[in-house]
Amino acid sequence: QEPPKPRQIVVNASIGDTMVATRAIYYAEFEKLYGIKVVESGPVNLAKLRAMVESGNIEWTISEVGGEEAIRAEKLGLFEPIDRKIVDMDALPSPMKERKVTLARGVYSTALGYRKDAFKNGQYPTNWADFWDVKKFPGPRSLRARAIDNLEFALMADGVATDKLYPLDVDRAFKKLDEIKPHISVWWSTGQQPAQLLIDREVIMTSGWNGRFYKLQRDESGIDVAWGGAMTKIGTFGVVKGTPNAYWGQKMLALMNDPKLQAAYAERVGYPGTHPKSWDYVDKAALKYFPTSPENLPKVAWTSDEWWAENGAAVEERFSRWLLAR
Amino acid sequence: MAGGALAALAARVPSGPFVLGLPALLFLLVIFVGPVLRLLLLSIEGGSLGAYEKALTDGLYLQVFRDTFEIAAIVTVFCALLGYPVAFYLTTLSRTGSALGFACILIPLLTSVLVRTYAWMVILGRNGIVNRTLMDWGMTDRPLALLHNLPSVIIGMTHVLLPMFILPVYSVMVRVDRELLRAADGLGASGWQVFTRVYLPLTWPGVLAGATLVFIISLGFYITPALLGGGRIMMIANVIEHQVQSLLDWRFAGALSMVLLVATLAVQAISNRVQARRG
Amino acid sequence: MRPWLRRLLRGYSLVVFALLLLPLLIVVPISFSSARYLQFPPPGWSLQWYKRYLYDPAWIEATMVSLRVACGSTLLALILGTALAYSVVRGRYRGRVVVERLGSGPLIVPHIVIAIAIYSLFARMHLTGTETGLILAHTVLAIPFVLAVMSASLRTVDPVLEQAAMSLGVSRIGAIVRVTLPLIRPGIVSAGILAFLSSFDEVVVAIFLSGTTKTLPKQMFDNIMNEIDPTIAAISVLQIALVVVALALVARFGAKAVPR
Amino acid sequence: MATTSQSLPLSLAGIEKRFGAVTAIGGVDLAVEAGEFLTLLGPSGSGKTTLLKVIAGFEMPDRGTVRIGQADITRAPPGRRNIGMVFQNYALFPHLTVERNVAFPLAVRHVPRAEIGRRVQEALALVELDGYQARMPSQLSGGQQQRVALARAIVFNPGLLLLDEPFGALDRRLRQQLQEEVRRLQRRLGLTAIFVTHDQEEALLLSDRIAVMNGGAIEQLGPPHEIYARPSTVFAAGFIGESNLWRGTVANAGHDRVTIALDDGTRILAESTATPGPATALVRPERVRLLEDGEAADNRLSVTVEEVSYLGQTQKYLLRSGDRVLTAVWTLAAVAVGRVKAGDTVAVGWQAADVHVIAG
Amino acid sequence: MATTSQSLPLSLAGIEKRFGAVTAIGGVDLAVEAGEFLTLLGPSGSGKTTLLKVIAGFEMPDRGTVRIGQADITRAPPGRRNIGMVFQNYALFPHLTVERNVAFPLAVRHVPRAEIGRRVQEALALVELDGYQARMPSQLSGGQQQRVALARAIVFNPGLLLLDEPFGALDRRLRQQLQEEVRRLQRRLGLTAIFVTHDQEEALLLSDRIAVMNGGAIEQLGPPHEIYARPSTVFAAGFIGESNLWRGTVANAGHDRVTIALDDGTRILAESTATPGPATALVRPERVRLLEDGEAADNRLSVTVEEVSYLGQTQKYLLRSGDRVLTAVWTLAAVAVGRVKAGDTVAVGWQAADVHVIAG
């Protein structure tokens, strides 16, 4: 016996193209199946989620959070446990299927995007060492105004192997970041900025979420991605603690775990799904733009959510300080 | 007896106008003063002044405060340099002329800050109009970095605040008694002497009022640095927003807010004092 | 003034006027661009960005939210602010100055401070993310404008007119309704427009209070943060048009729009 | 409008009104008869407006009662007092036509439409403004505005008419014209009227009685010529008209006559019943006459002319006798221009009957 | 400051000034002697201010010349004319102390510090404001402000002093006091002064000569009593003082006497050399006397008293004879209060010498 249907549920998730895609694929399906309106909000914001749960003023039914944030959210008790009877996570690879409160829906990378026309005769950058090499690749660059990913990039640029990153040597990373700082013309803060900066020729290369470059790549619009050292992680959703519509939130998670829908979503925005079966439904032409494609997977590095959950706060503060120092 | 006392009391209770002000007063107390005071309490929760210690001793935040004041000062100076002559020019115009002039000032003033900031992004961008033009004219072969830096933030803020400087200065200027200028003229003063000895001192209160307004509003600016600063120009409001939205550190955000508020009120108070002293 | 000085002054002023208007004018051609991304000058002309705005339910919904919030807060601010202005202008009670300062307080207190203060209050009152919350918060921000314009207007009305009305047989409220308010109608129009625009353009508070209900400026802010596409230009042009219409209305029906 | 007068008497008893530390009215008793035109005259700040406001109900007195006819209206709201008031600058509602201005007090009393029309018509006819119904106040001359204000103040048959410096802002010519009109209308309708001014000429011209106010109290109350000729205080003498005032000591001189001995030994003979003691002698400048050779007068003085001012109808002479300066005003009929010049020494004098003695 | 007068004569020749279609000044010739106090008197819009501005140099005349002493200053800038000006409302610099206000004209002339100090001190002493050096204008009374304005206008030894309605905004009492002070100071320094007013009483009181202006031209120029007693135009007669004016036709009556025949057949006997033809007879109200039984007068009229106004020094009577209304003003010395009441019929009269005939 189902609980009564509310008029609507609210899903908080990333904004931009993914929001449009999520609506078209998941929300539309949900509304069709259950006749409950899905209202979207965004962007992802752990702080707000926490304030909501702590004040009991719950606006969201389910919310997306980044990988390392999922661990903090779980510790802070911001999510309801996942109801395995509704959301069948058994097919997911380990350790995703062991998660208690969040569903890993997709995979995404923070990768190196660049303008092809900024480099002569096919001499494109391939990894973060190239990003740091301002002699060979002169021009303005952009990085995110956060420590996460940037520390890894700096270490890789300094020669650390992709599988030897953790625990991060923070001091070394900052020293390396010092080198590139004068060449960063914009420290981006929202997801669409990197692509936009490239399109507007504000920068020649930048870090950015791969989905944001995906369409540009497919459109052959002169923007491409170097997969070397792309920091890869999972995007997760959970049912917000205390929401009156928890049941329907679980139902939404179930849909998000659906391989067919994941495939449609991946094809549309470039973020591959987590359900192994979703691969079967994806157009093969799209595959090479995914971080998990056979040719990209060996080049990428995986973010340690545990390390960031543990050290993130301190490191982010140090990064802010570093960023503002003159 | 009690009735008489009551009547006497009723006669003493401020009536009429005071009562009409009550709803707004209560409204502001609940939705403005109360929350701000609560924020103050929040920032000293548990009787600890730790948040303030951090705000006032930590090099990072001191730097932000310094930057904020510096930017506000620069913007104020620019507004004064650009605005004073224009305000004066407005006072010399005919009816139609000044109507057009005012349109030039009011339209931007009333247009969304977002729209104006967006427009500067379009103009100053690497691929924007200025760079295009410079490159077309061969004055530079590589686009200049005009956006996402201190100058672009200052340009954007000056654009937003210039009308707020011009209006109070203008309002003082039009109230200057022309007779005084004529008197100075008749008493033998040269044009320059009339300006420095009479006009400038007489319009100084307007300059002070306009500058105070611009400076105070500058201190609390958020949008322009957020959009034009490229993540590198942090003003105190941006830090406060970050504390709340990303770090959820209400205590610290509250402390920063209180410091900002006190700074704002202090600037206002100093300005009032200076103005009062001039009589 | 010497003629050459006059010419210099005029030249200087015209340059400043141009700098004030230029950014707004630049937005116009861009809004009609046929390019997919921001490009200037536009390679060709099209209405695509206007269509994109008008056909996107998210934009339209945000616009409707903004309209409702702006109307609500304008109405509320007009009622509260006008009564407050009356109280301050006509009252003789002690503490009047404090009341006036309080009424114009939201103008001086940085918006970011107001925003987070109200946010923390509303979070407890379950008002974040609601239009009611936005209306209340925007009313706080609009009251100083209404107070300034209406007290200026009220000061032009001789209080003796109210006494005259009272001596002729009405109560104080009757005098206000029958005499004072009709006389300051232009002020009401100006104050209303200022209050409306202050809400319709407000970003900082909206950033904190918007949840599922996003105002247009909040939607624009998110959008600008994300992608500088010409949709914003189209919306900008519509907003500038709104302002010009509002100014024309004030010129026609209102008193001086801006507190002096 | 009933032109039959509903005029009522007004009485004030023990009115006091303080604003913080300032005593604006310090115990005023005043009875105004039905149909009387009473003027409150006094310098700025003497409490005239405050007293009027207490009567009209815009201020509550701290103490005392206000009665119109039999009714105690001390605490009634202004709108219930049935008092017509004409304000300084008239206070016409600028957004209403003449007709709707005059209709206002009737409309707020929910008088039926048809009756309003009739009474407004009557009132406008009375002030000779029929045909101006549709004008806005701004389209009227000052005089016409005043008449509208009057029509509005009387259209609802008030028991009392108050006028607070209605001519304060007018130039002299218009002022004179309107003074006459107000007075005429008030007489015609038999209205009880209280009029406030600080212009002594106006007060003398218009009033049945004048109440001279000073420092929140009534110093003297009486008809104009009495106030002018026999002021009861030095203040009243100084405030109304020009005066020669000399302090001295009264001594009896028999036959209803007294002498006032001044410090310098001068003795002034006066017709008065004043009792011996300190007093002030008042001689109005127009009572001081230029004496022809050998002409006799009860009081006689040889003076040097210090200054002559030509005032048109009259000339004013500043005369010196020792340390004493006195003023004389002579018409051209009495002294031709240029006959008496600055520097001349002449004899002047006045009769004992021309001297008024103010005791104290 | 040299108290030795540097006073210079002023002469205007053929001054014309148009503003677009409006002729503000239409051909004015005027010679003001050194040390003279000349008043421009006229109604609003008659060109008084414009003429003063032309003299001060704030407006350039379209035609004509302005001379001070020997120098033609028609085109000199205001600051070079060496003219002291006292503006309506004084135009004191509100941001400067009294001392620095007075020092202003010296400071801009780069007079040495020490001398400035001395001369400011002298000027302030002259206007009796020594000790007020450090006050701001806002801390002064109206009268004190005016004295500062005066000190500032004379401290640099101007050849000419201009005053544009300096008392326009003051109440009557202060006004009188200041009028006297200005006049005294001007005499003492022997300054040439041109004074603008539209107050006839003020003009009569202060001036050596009065220029009556009307429509941009000078209608009459002469000493006050001449202007009052022998106005050369009906306008001047009506503008200055109250008048009984009757239009009629002059016929010779011998012995420097004429008769003026009015429409209704009344004949008025006048001492005049007027030539036969249309003319207006002027009789000032104070010249109309109450005739005792059997008293004779050159002109005699039986009249009904319509209205009596009590004015203190005088009483004003509105008298009717047929369709003709005339005004008489009598002092109390002549007619005791209440002796002549409204409704009475009395005989009044005036001498032929009391009639002034205005030709045309």
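Per-chain residue numbering starts at 1, and chain names A, B, C, D and E are given in the order in which the chains are listed.
FYI, a residue touches a chain if its C-beta (ideal position, glycine included) is under 8 Å from a C-beta of that chain, and two chains touch if they have at least 3 such contacts.
Being a predicted model, the structure only gives us computed values, none of them experimental.
Peer 1: Going only through chains that touch each other, what is the minimum step count from chain A to chain E?
Peer 2: Minimal hop count between chain A and chain E: 2.
Peer 1: Counting C-beta pairs in contact, which two chains come out on top?
Peer 2: After counting contacts between each pair of chains, the winner is B-C.
Peer 1: Please report how many Å separate the Cα centroid of chain A from that of chain C, as a whole number.
Peer 2: Centre-to-centre distance between chain A and chain C: 38 Å.
Peer 1: Centre to centre, by mean C-alpha position, how many angstrom separate chain B and chain E?
Peer 2: Whole-Å distance between the two chain centres: 54.
Peer 1: So the centre of each chain is just the mean of its C-alpha atoms; given that, what is the distance between chain A and chain B in Å?
Peer 2: 39
Peer 1: Multi-chain contacts in chain B: which residues touch at least two other chains?
Peer 2: Correct list: 125, 127, 244-245.
Peer 1: Name the residues of chain E that each touch 2 or more other chains.
Peer 2: There are none in chain E.
Peer 1: Counting only residues that touch at least two other chains, what does the list for chain A look like?
Peer 2: 51, 189, 200
Peer 1: Where on chain C does chain B make contact in their complex?
Peer 2: 1-2, 5-6, 9-10, 12-13, 16-17, 19-24, 26-27, 30, 38-40, 79-81, 83-84, 86-93, 99, 102-103, 105-106, 108-114, 116-121, 136-137, 139-140, 143, 172, 197, 200-201, 203-204, 207-208, 217, 220-221, 224-225, 228, 232-233, 235-236, 239-240, 243-244, 246-247, 251, 257-258, 260
Peer 1: Under the touch definition given earlier, write down the residues of chain D that touch chain E in their complex.
Peer 2: Residues 200-201, 204-205, 224-225, 228-229, 240-242, 284-287, 289, 309-314, 329, 331-333, 337-338.
Peer 1: For chain C, which residues are in contact with chain A within the complex?
Peer 2: Within the complex, chain C touches chain A at residues 37-38, 123-124, 126, 128-129, 211-212, 214, 222, 225-228.
Peer 1: Touching chain A in the complex: which residues of chain B?
Peer 2: Within the complex, chain B touches chain A at residues 59-60, 63-64, 125-127, 143, 145, 147-149, 230-232, 234, 242, 244-248.
Peer 1: Flag every residue of chain A that touches chain B in the complex, lowest number first.
Peer 2: It comes out as residues 45, 47-48, 50-51, 140, 145, 185-189, 200-203, 313, 320-321, 323-326.
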